[in-house]
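The letters A, B, C and D name the chains in turn, as written, and every chain counts its residues from 1.
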Amino acid sequence: MMKQARTLLSRSLCDQSKSLFDGASTLRGFASWSTGSGFSGKEAAKPSGRVFAPYAIFKGKAALSVEPVLPTFTEIDSGNLRLDRRGSLMMTFMPASGERKYDWEKKQKFALSPTEVGSLISMGSKDSSEFFHDPSMKSSNAGQVRKSLSIKPHADGSGYFISLGVINSILKTNDRIVVPVTTAEFTVMKTAFSFVLPHLMGWDRLTDQDGTGTQRTTSHGNTDPQQLEQEWDK
Amino acid sequence: MMKQARTLLSRSLCDQSKSLFDGASTLRGFASWSTGSGFSGKEAAKPSGRVFAPYAIFKGKAALSVEPVLPTFTEIDSGNLRLDRRGSLMMTFMPASGERKYDWEKKQKFALSPTEVGSLISMGSKDSSEFFHDPSMKSSNAGQVRKSLSIKPHADGSGYFISLGVINSILKTNDRIVVPVTTAEFTVMKTAFSFVLPHLMGWDRLTDQDGTGTQRTTSHGNTDPQQLEQEWDK
Amino acid sequence: MMKQARTLLSRSLCDQSKSLFDGASTLRGFASWSTGSGFSGKEAAKPSGRVFAPYAIFKGKAALSVEPVLPTFTEIDSGNLRLDRRGSLMMTFMPASGERKYDWEKKQKFALSPTEVGSLISMGSKDSSEFFHDPSMKSSNAGQVRKSLSIKPHADGSGYFISLGVINSILKTNDRIVVPVTTAEFTVMKTAFSFVLPHLMGWDRLTDQDGTGTQRTTSHGNTDPQQLEQEWDK
Amino acid sequence: MMKQARTLLSRSLCDQSKSLFDGASTLRGFASWSTGSGFSGKEAAKPSGRVFAPYAIFKGKAALSVEPVLPTFTEIDSGNLRLDRRGSLMMTFMPASGERKYDWEKKQKFALSPTEVGSLISMGSKDSSEFFHDPSMKSSNAGQVRKSLSIKPHADGSGYFISLGVINSILKTNDRIVVPVTTAEFTVMKTAFSFVLPHLMGWDRLTDQDGTGTQRTTSHGNTDPQQLEQEWDK
């Protein structure tokens, strides 16, 4: 698929020129948005403080930025924690307002849940996905405002169109921002999303412990007694 | 497979509404169960203590929660450790007792071993798996009580049915709890399980060492002498 | 594909002999180059200092060495950081000057961006890729000097040819260094690149935080309120 | 492929019973061997000391144990390190000497190099691989003693036969130890090997640094100046 590769390449080249020409300022912009995005105070309680590292894709008609929002935990007792809110991947769309300029005022956001992330990373080169969010769901205002994120493959399999639609039946507005992403850019997203997913679920906390847990167990039967205990405990 | 995607989506939407409507309380429930599940005292010897972050899936007739149970180690001499008990992934099933209510009393557990995890993460969209556990295996009581975990694909490839059956020939009971999971949810499980597997095996301990191991080796022949030594040492 | 496997094996064997016969000195060489390659002063501010661990492949006519160049961050305010420059994977090519000798003076470098890494790790066994870099792009000197990295599959699917071409229209030079890599070596690269990619993006910084982020959230509606807030905040 | 799954299951069940019946003692055995295998003194310089966590597979006629051997580094100057010896995955084979008994005296070892690990993790369900090691290669004793590790798929795709052959033309011995592994067990190996590979290469050292590397860079042209510099520096 040399042809595909060249296409992809030329794209990534021009994307690169865009992102690098005004990358500094734009990333600064993205970062400034994300300042408000979901690192709780405690989360920031570390020497290097908050870190803003959005993965940004700049295209002719719009830009897309993605960055993780970490989960939060509740202390349930003597220093033990329970996952309180799962993390998410915040996608920020911004329409172009001119040559390599993007309109901050018209940005739209969509927070992918872990399950929606699972849906995205399981997509094949010909698959589509669509996610719907309604802030008022199950309330009397249900349906007044709806967001839908759509991921559709290019006809030639060289990438996807990622578009965010926002319909506001009160303001009578219907916005849609579309960003074409190459297979290479989508692979970066899938790889980074797969890396981040266990962290959004809080599972990195379960496994990076230094304790040794040196407790004896004597084996009898075909299954570890303690695990059996757990399995059979009510 | 737009249709599949939409189906999957509508499902994940309603799941999401469920999980989020009573998510807080239910997760608290899951956490309270897991309090007893396999973090040894030593394991908990750290500032943030135990962390409870079950991955929970809420469906109409039942709920499924999964979380890692870390391995334990035995001190064999001067500060050296040997893996004593491999970790596992504890799956907890709970039947629904009403609209968005689940019956804690009727929960059933199944602890996936690392090898069973390997079997699950190698499953294709059309594959099935079934695991059997018998706490009394090889004893005179063998077969009296048997648990079987079954994973079967949806006919349209849009996900799997995960069901846990428990047959107790003494109490003459035969319970089965079935939870349908979407491809997205199964992908979350596969991704998180792959992340956790090396930790269940204790291999994260082997590799996160800060020592520099700066020992000279002079190369002669086609293979590193030390490795050769190891290979040929008896 | 026993045949393929044997081929691959014999190759990796002779590669191994090469790399191990003069491995020490050559790796030293590679390391000495990389001394200048992109670990900023701050980055080195740790007990064990800088670590040089290029992945080197030695073949008959040339050698290829790859190692990550970490991203840099800018402090934006009270201890908060913003990704300033994404990391890259620096590939260094070196032509052979004799039996197991390589000409340091004629080395050529190519820095893969995260997106180019995404393109590489998404390649199938029959895919090709080509990347172009021009240091003077968009300047009056554009096109005077061009570098192109090409990855082409072996006819029998047993690996790839990775070649770096450098055309200098001023010096009237046209260099090309080609290194054949086996499927095994390419898999090592894909696996290591996938591991490193989130680090090049700075996403490991977002997720390895120790804070507990224990903030209460009360759920209403179908989506976490804080995430909604973020999604709907302008 | 329900049938495959059941087969796999029954196997993994009986394997499990084996490994758990005498697991404690045997793992102790494996650990005691590995005491001598490649954690350098410096490497052990940490509170929890060495950690022994072999992944062991016990079958009727033989057992296989695998565990990582970490790389070593050389201090090249003021606290900087250079990879000196790549790590490996040490495979230890042991023939059965009776019902759930294994003959320690007859164990044979084979150390997989990073490239050989890459070959293994890239294997499809129908692929084969074979690796040859000769400690005396390129010496006058070349060929006197040869080790070959062979991985061959089961006819029904339900797993692989992993066998280690050792031919000693001096002692006139020709040993071969064969261990059948299920797809599940091989998936555990592939997943754990993929996790470990970057560590064998020393790349975890490059990326787990805490430094902030906050150095200013001003962008001009289409590529980051510092990376260009590196790319074009000679």
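What we mean here is this: contacts are C-beta pairs under 8 Å (C-beta built on N, C-alpha and C of every residue); 3 or more make two chains touch, one makes a residue touch a chain.
For reference, the UniProt names are A, B, C, D = WHY domain class transcription factor.
Everything quoted here is computed from the prediction, not taken from an experiment.
Colleague: Shared interface numbers for chain A and chain C above half of all numbers used, same, or below, different?
Modeller: Both copies touch with mostly different residues.
Colleague: Any idea what the CA-fit rotation angle from chain A to chain B is, to the nearest 5 degrees?
Modeller: 90
Colleague: On a CA-centroid basis, which chain has its centre farthest from chain C's?
Modeller: B
Colleague: How many Å are there between the centre of chain C and the centre of chain D, using C-alpha atoms for each centre?
Modeller: Computed from C-alpha means, the inter-chain centre distance equals 24 Å.
Colleague: Please compute the C-alpha centroid of chain A, do the same for chain D, then give the distance between them in whole Å.
Modeller: Those two chain centres are 34 Å apart.
Colleague: Can you tell me which residues of chain C touch two or more of the remaining chains?
Modeller: In chain C, 13, 16-17, 21, 24, 47-48, 71, 73, 81, 84, 137-138, 210, 212, 217, 221-224 touch at least two other chains.
Colleague: Report the residues of chain D in contact with chain B in the complex, numbered from low to high.
Modeller: Per the stated touch rule, the residues are 1-2, 4-6, 8-9, 12-13, 15-17, 21, 24, 27-28, 31, 36-55, 67-75, 81, 84-86, 88, 90, 105, 107, 109-111, 133-139, 147, 182-188, 191-192, 195-196, 199, 204.
Colleague: Could you pull out which chain B residues touch chain D in their complex?
Modeller: Going through chain B, the ones touching chain D are 71, 73, 76, 78-84, 113-119, 121-122, 126-132, 137-138, 194, 197-198, 201-203, 205-217, 221-224, 226-228, 230-234.
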